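Quick one: the structure is below, and I'll ask about it shortly.
Each chain gets a letter, A, B, C and D, in the order it is written, and its residues are counted from 1.
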Amino acid sequence: MSKKMKFRHLGVLVLVFALIAAACGDDDTADTTTAATTADTTADTTADTTADTTADTTMAPMAFPPEAGAWGGVLIAAGAPVEIRTLQAISESVAFLGVDQNRGTELALEDFGDVLGHPVNLGTAEDDLCLGEGGASGATAIAAQEGVLGVIGTTCSGAAFPAIPIFHAAGIVLISGSNTNATLTSDFQGNAGENWMNNYLRTAHNDLIQGAAAAIFAYDNLGLRKMGTIHDGDPYTSGLAGSFGLTFTELGGEIVVATSVAKEDTNMVPVLTEIAAGEPDGIYFPIFQPAGDFIVQQVGGISGLEDVQMYGADGLITPDHFSLPETEGVYYSGPDLGFDANAGFTGETYTNLVARYEAAYGELPTAAFHAHTYDATMMLLFAIESVAVEGPDGELWVDRLALRDFLYNISDFAGVTGTLTCDEFGDCGGNVVSVILNLDSDDPQAGIGNVVFRAGKGAGGEVVILPLG
Amino acid sequence: MNPLAATSQDSVRSAVKVGLLGGLGYIFVSAVGMVEGLGEKNVIDPILSLGYLMLIWVGLWAGHRAGAGALPGDGVSVVGRVWLGIVAGVTGGLLASAFLIWINTFVVREVFTNISPALIELLNLRQGLGTGVAVAIGGGALLGGAGAAIGTLTPLMRRALTGSFLWVLIVGFLEVILSQIFREIDLGVFLAFLIVGVTSWILLRNFGDSQRVLLGGLLAAFVVGVLVSQALSEVNLGLRFIPDFAYINRVGGRALTLSAAAIVFLVAFAATVLFDGRRRAMRARLAALEPAERQKWAFGLVGVFVGLGVFLPMILGSVVNELLSTTGLFLLMGLGLNIVIGYAGLLDLGYVAFFAVGAYTMAILTSTSTARNWAPELSFWEALPFVVLAAVVAGILVGTPVIRMRGDYLAIVTLGFGEIARILFLSEWFSGVTGGALGVTKIPPIELGFYTVKGTDTQAVLYLVLAFVALAAFVSYRLQDSRIGRSWMAMREDEEVAETMGVNIVKAKLLAFVMGAILAGVGGALFAVKFGTIFPASFSIIVSITVLVLIIVGGMGNIPGVAVGALVMIGILGGSNSSGLLREFAEFKLLIYGALMLYMMLNRPEGLLPSKRLARELHQEEAVQDAWLQGEIEQGEED
Amino acid sequence: MSLLKIVRLHKDFGGVIAINALDFHVDEGEIVSVIGPNGAGKTTVFNLITGMQAPDSGEILFEGETIIGLTPDVLTGRGIARTFQNVRVFANMTVLENVMVAQHCRTSKGAVSAIFRTAGFRREEEEIRERAAEVLSFFGTRLVGYRFDQPAFMLSYANRRRLEVARAIATQPKVVLLDEPTAGMNPSETREMTELIGRLRDDRGITVVVIEHEMKVVRDVSDRVVVLDHGEQIAEGSYEEVTSDENVIEAYLGRPARAH
Amino acid sequence: MKLLKLPQQRKRRFGFVDSFLWAVRIGALVFVVVGIFGIPGVAGGPEGSLFKTLSGEGVSGEAWRDLFISGLAQGSMYGMIALGYSLVYGVLGFINFAHGEVFMSGALVSFFAADAFATAGIWESQPVLALGFTILVAMATSTIVAVLTERIAYRRLRGSPRLIPLITSIGMSFFIRYTFRGLFGDSFKTYPAAPGVLEGRATIFGVEILKTQLTVIVVTAVSMVVLYQFVARTRMGRAMRAIAEDREIAALMGVNVDRVISLTFAVGGAMAGIAGVLWALLFRQVHFLTGFLPGIKGFTAAVVGGIGNMAGAYVGGLAIGLVESVGPLLVLDGWGIPAVSQLKDVVAFSALVLVLIYRPTGLLGERLSVEERG
């Protein structure tokens, strides 16, 4: 730790005393003396976006390891593992996302194998709890461990907000396979999002694309003009419903009711009645299970909504949901999952990957983002391998800043989710979204594969419609 | 000769009963997934995983209980007790075997999700059913016997044995934290610790009776300590070889090596045994002191602890600091709720509302997010008065309608208010101000003029939180011991009578609500700054319940008790929205919460560190029995 | 002028008449006993006077002003104190604290001065403590010394009664309403209490209204006796007058009260 | 059953609290009335939901009917759960927070029975038999869980200060909830769809009702009547009432207090079990958190109806169900508040607060007994 930082802490100490002294009012010898010693510690208050962490490890006398960059570096002893970690939502109601993602990481590790002869260690899986608190405490725990080069996570954007600066201060890169919040990267117009930091990347799509593409499909392809939207109070669903509404209105459509349910709601009659009052032709409900199940199950019983077009999103693209008879004829927008033909970095095809997933974990993927996380892990391992300098005795030296720079410059990286190219704000994903239509609840996998619309990001950040298949 | 002949029928019967309970325990921890879920975490490599530890603990417990079940008057010998333990262990083992046979024969995973092939392998030690059954019964016998045997040891040996084992577990468990401490500790803070510690030891020994000398000396030592710690902060103490030696990398985290475990055990054991005499002498001396003398000593000790405590955040490392700041935030709320429930007796289950009000007020007034259409962008200190104001208003708004409601009505109505607050913050209706589901982001750090406390700077945040906690504890303490505090107490005892004694119930209740709201509101404000972003999901009912639980587990009405409660429930177990020291148990946290609450309420309802008053209240009968002849007194009326 | 005057007071509970057109008065410096069979409405009268319940009609005047609708704490401030038939001390507070609380309305320091421990606050606390000790010394040695810090539930029954009286005195009342102060006491304790009631007036100048079943006590303490039955006053006068009144005899003998 | 002893509402001089409460009473009334009827003739002001319906742009008449019925069905189940709270409160005087989990346990365990029936085809071919048996399984589970909680925890706490059993029940609630999660996993269990006979709508008195909702309403109503008869007519029922009045006196009169208290828990549990199956029939998805919100709503309903009062629990349940179903659209929508559905819990809890402000003992809470008299 630098001297400056230490002095800052002393300053806080003084504050403690000042507060106590203010309260007592009679004991003020302590703070005058300590305050005097800290009179000149105000210097370093300007925020410095490029971190000022120094090397984690002691330096060897020879040319190896090379001099560390501004973010420091990690020296890995011969035979010692390369340390990476995961920080995903693996408990409570969103566990189906985070657990799925961790499996993606595990499969990637399996495929990638050793990094220049060093095994890769995942350590204890941390839980982001899908909340800022979880993101912060998980990130702190990871940053406290020695030699962690990169972290795969978080599942929820809300957890990423406080986690990113913690990793940033430790010089650790964070790659998410499922954060979609636009402010974490950019608006595609060259403006950094306000929560963007330069140690953050993601392979998932940006909300701006999905909302807009979903709206274009609704307006142009389905011919819907009046729609209701439902979110569930989650920042993700709320943001998605919002950006859908924005584009839909721009196109000339009308959002007659924008409302929401609570995640634990069961009786959907009131919310559906509220929407029915607006006489929409379609309902966009980008929410999760089980609320999404309740909505499709109960919408048939609402007078006025008999002919309405239901339209969900990726939170519901699960075999469970698709096996409900009521979901036949319902469209779902989501990240493009037409991966089957894609081959990942190691040449593993997605089809194969899913088969191995099922064999290893006893069930089919519970969500889509294992694939994005698989790619994120691959990217990280590939980057580590590429920037690592081998020492004379089998050691490895990885410079953190070099690793970050390498990741930010990745282009045309073969992933199972498509070709990945990172832009200057860390958006690496193909940003291709698709709309699927469930036709047969007895064969949910067919429904999940039944793509009827694809769209992606154009050069200027606009949505461009892509050919199917 | 039948070794059980000497024991009574009753002892055997109760041993069997305990054994059956132990067997149920085996089934329970297996079936709810603890054995498998914790199986990956090795505490001591390669012999002991956390999952097995759960089973071992069950066996030892059963044996111990069975052995202790024999009454002293029974004339049961040591051997007899051990046999009782073995009986219990075998009984439990048999029940466990039945379970094993069942899950090996039928596939029950369709219903009981956690009885997976992996679990069965673990329980069978990967050797097939025969081994599993043998281990269950044999291991049961062994552990049962051992558990009972431990019970027959002298208290000192027993303490040494269990204590040392516990130390091994702790050291194994806290791998991340201990490694960080050893790796990062610098000479400066080490010396500072030494200086303050040694000075205070000398002072306490020689000048224990002169508060002035004591305080002056402590202060001087403290100042020197601060200077030294700053001057030498860049010199690493070079202790990283210790964790490098002690821990080994394994899937699922680093584990303690066998040799390190042995060293820890031996050191702890030796220390307990060797220092026992000294400890006892010390305790005897303390007991022999006059109350006034003792108070002086206590005063001095508190000074020492504060002096040393101030340096702790520099040593403990970011993980512990982070945990402690979260604990501190909950402690702030706990102190507030302690006023409302502990002092004034108002059962508020919607306490999170005030926390949310504080957090949102701070967030809205300070956020620099460009996405917000109304952002005054005040600084922390400018916004703080508004936070207090908002808390006061919220306290009055919630407090007034419920002033005439009692106990249970109060509980459900306040619970309702808590939910109302959360939903309103979440709602589309107010999303223009509150951000709705998207929350508020970009809450700036705190400017102190000479230093900026960023949320990511765990050490600074901890100091800040502790400062506010100290302030809150100070205020609580002063209020408790005052005219206001007495009127709250009287109101808690009997509202009607308090009123006829001249206490204005409306004022007293509102003041309690408002004080509680202010503390929670400030806690919320710090929460907002610490995380830099807030979402409505952080303010659910569960937070209210967590705070309630922590003050009750800790000891209601007692400020140190609340602190202990916060430490145990939030720091160690992990709060509703955060993981604690035992992060491996995260998945079972709430299950453990529930079990702990049940255990506490049934066995120690006054909490871990109760106020004298509450302890007396809950053990009135015993107190009265001690003090008076039974016939002379009647119990006070309830209600 | 009467210190306390009750005019045509009426109270019923869901159709059951508890107090019916009750008139009576208490003069300053008097000791008045209220007697009557069980269920006569004696405690209800106390509840109405202290503001714990509201009358349906009628008037209660204290020092010539109506006190209807005032809350108990305000009335305590005006100078009306009471004890309870079923002994309601603050069981988990210490003896001293019980009496300290009772001075709430005679003291004024609020939260802010408590937090900063201002000089005024410390002075007031000292006064409260001294006054409490002084009041407790009223009962001789029974409630002093080590008893100060004993929780009230540890006290014997008689001592709790005494503590209740002490608490009432500590509010510095003009009139104190004692609800069966000797119930459950043995003869010597009863005698002591009787004497105390006299001293309340003689030493401290407090007017006393007492509900009592024990006729000996009534005889020894009362300047005047008021007899209630069915919520109505059936007789009033000196002890001798009242005990020879036919209505009273009928009320007691016609439906003899359960012995206490 | 037991009357709750509350302080007599005193006629006080008009103080701060009174003015505040009157402001709330009047404000709430105005808010509700304007929300429903609007302010006629004021352009740009609140339109009023009824006015919107009449002018054909708001919620249609049929929609109101559907809302009403779904609220009724939901409320019936709340009422069944509220009964458990109310019975226990009546007898032991504390709030058994774990009751929501008792409800959940029945719903969750009976899933396996229902699933087995569905796989075997009995669900469709013998719907009454299958449903009946499923309900029995649920009742048995819930009853066992309820009685066990009492036996293990609450029995040892009788006579302790009221906060202790309350906290114990919160702990119990966590323990049961996460034990069930451990045992049965955290996935959603999807009940088989209601048997064919219960599909579609039936017409009762000219009103079309979804058959599942009708089933819920009818089954709960019948259960309530049976229970009421049980408590009113049988010896055990009378014993329950006796204990509610005064436990010690009841014991002196020869009532086996422990047994009757167990029975009370059993009855509450059985009712919760029935509610669990009905819940699953209506919403089809259950998991370990299913009991949480209905538990809180049931508790709310019990208080709204007047805690300790059996009929009150049912009425309170219906009231809460209706208010949260109809309320947001009826009152809030008329004010032009966006996304009113998400505010349904706000409406429900506000209703609770208002009911208690208007009637401190709840809707059917009996007036106070005669206070102590001298």
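The working rule: a contact is a pair of C-beta atoms (placed from the backbone, for glycine too) under 8 Å apart; a residue touches a chain by one contact, two chains touch by 3 or more.
None of these values were measured; they are calculated from a predicted model.
> Tell me which of A-D and B-C has more C-beta pairs in contact.
Higher contact count goes to B-C.
> In terms of CA centres, which chain lies closest to the overall middle?
Central by C-alpha mean position: chain B.
> Give, as an integer number of Å, the spacing between the C-alpha centres of subunit C and subunit A.
Here subunit A and subunit C have centroids separated by 72 Å.
> Could you state the distance in Å from the CA-based centre of subunit A to that of subunit D?
40
> Approximately how many whole Å separate the CA-defined centres of subunit B and subunit C?
The answer is 48 Å.
> Determine the centre-to-centre distance between subunit A and subunit B, using the mean Cα coordinates as centres, and give it in whole Å.
33
> Would you pick out the residues of subunit B that each touch at least 2 other chains?
423, 426, 428, 474, 496, 617
> Considering subunit A alone, which of its residues make contact with at least two other chains?
In subunit A, residues 23, 233, 258-260, 262 touch at least two other chains, as defined above.
> Return the residues of subunit C touching two or more other chains; collapse runs of consecutive numbers into ranges.
Residue numbers touching two or more other chains: 52, 71, 86, 115-116.
> Report the residues of subunit B in contact with subunit D in the complex, numbered from low to high.
28, 31-34, 111-114, 341, 347, 400-401, 403-409, 411-413, 415-417, 419-420, 423-424, 426-429, 495-496, 506, 541, 545, 548-549, 552, 588, 590-591, 593-598, 600-602, 605, 617-618, 639
> Quick check: in the complex, which residue numbers of subunit C touch subunit B?
By the definition above, subunit C touches subunit B via 50, 52, 71-73, 75-77, 81-82, 84, 86-93, 97, 100-107, 109-111, 114-117, 121, 124-125, 128, 150-157, 160, 167, 171.
> Within their complex, state which residues of subunit D touch subunit A.
Residue positions touching the partner: 52, 57-60, 62-63, 66-67, 70-71, 74, 186, 188, 190, 193, 210, 279, 282-285, 287, 289, 292-293, 324-326, 328-329, 333, 338-342, 344-345.
> In the complex of these two chains, what residues of subunit A are touching subunit D?
92-93, 95, 233, 257-262, 264, 266-267, 269-271, 273-274, 276-277, 289-290, 293-294, 297, 301-304, 320, 324-325
> What residues on subunit A touch subunit B, complex-wise?
1-3, 6-16, 19-20, 23, 29-30, 33-34, 37-38, 41-42, 45, 47, 80-81, 91, 121-124, 126-127, 129-134, 136-138, 140-141, 143-146, 158, 161-162, 165-166, 169, 183, 194-195, 231, 233-235, 237-239, 242, 258-260, 262
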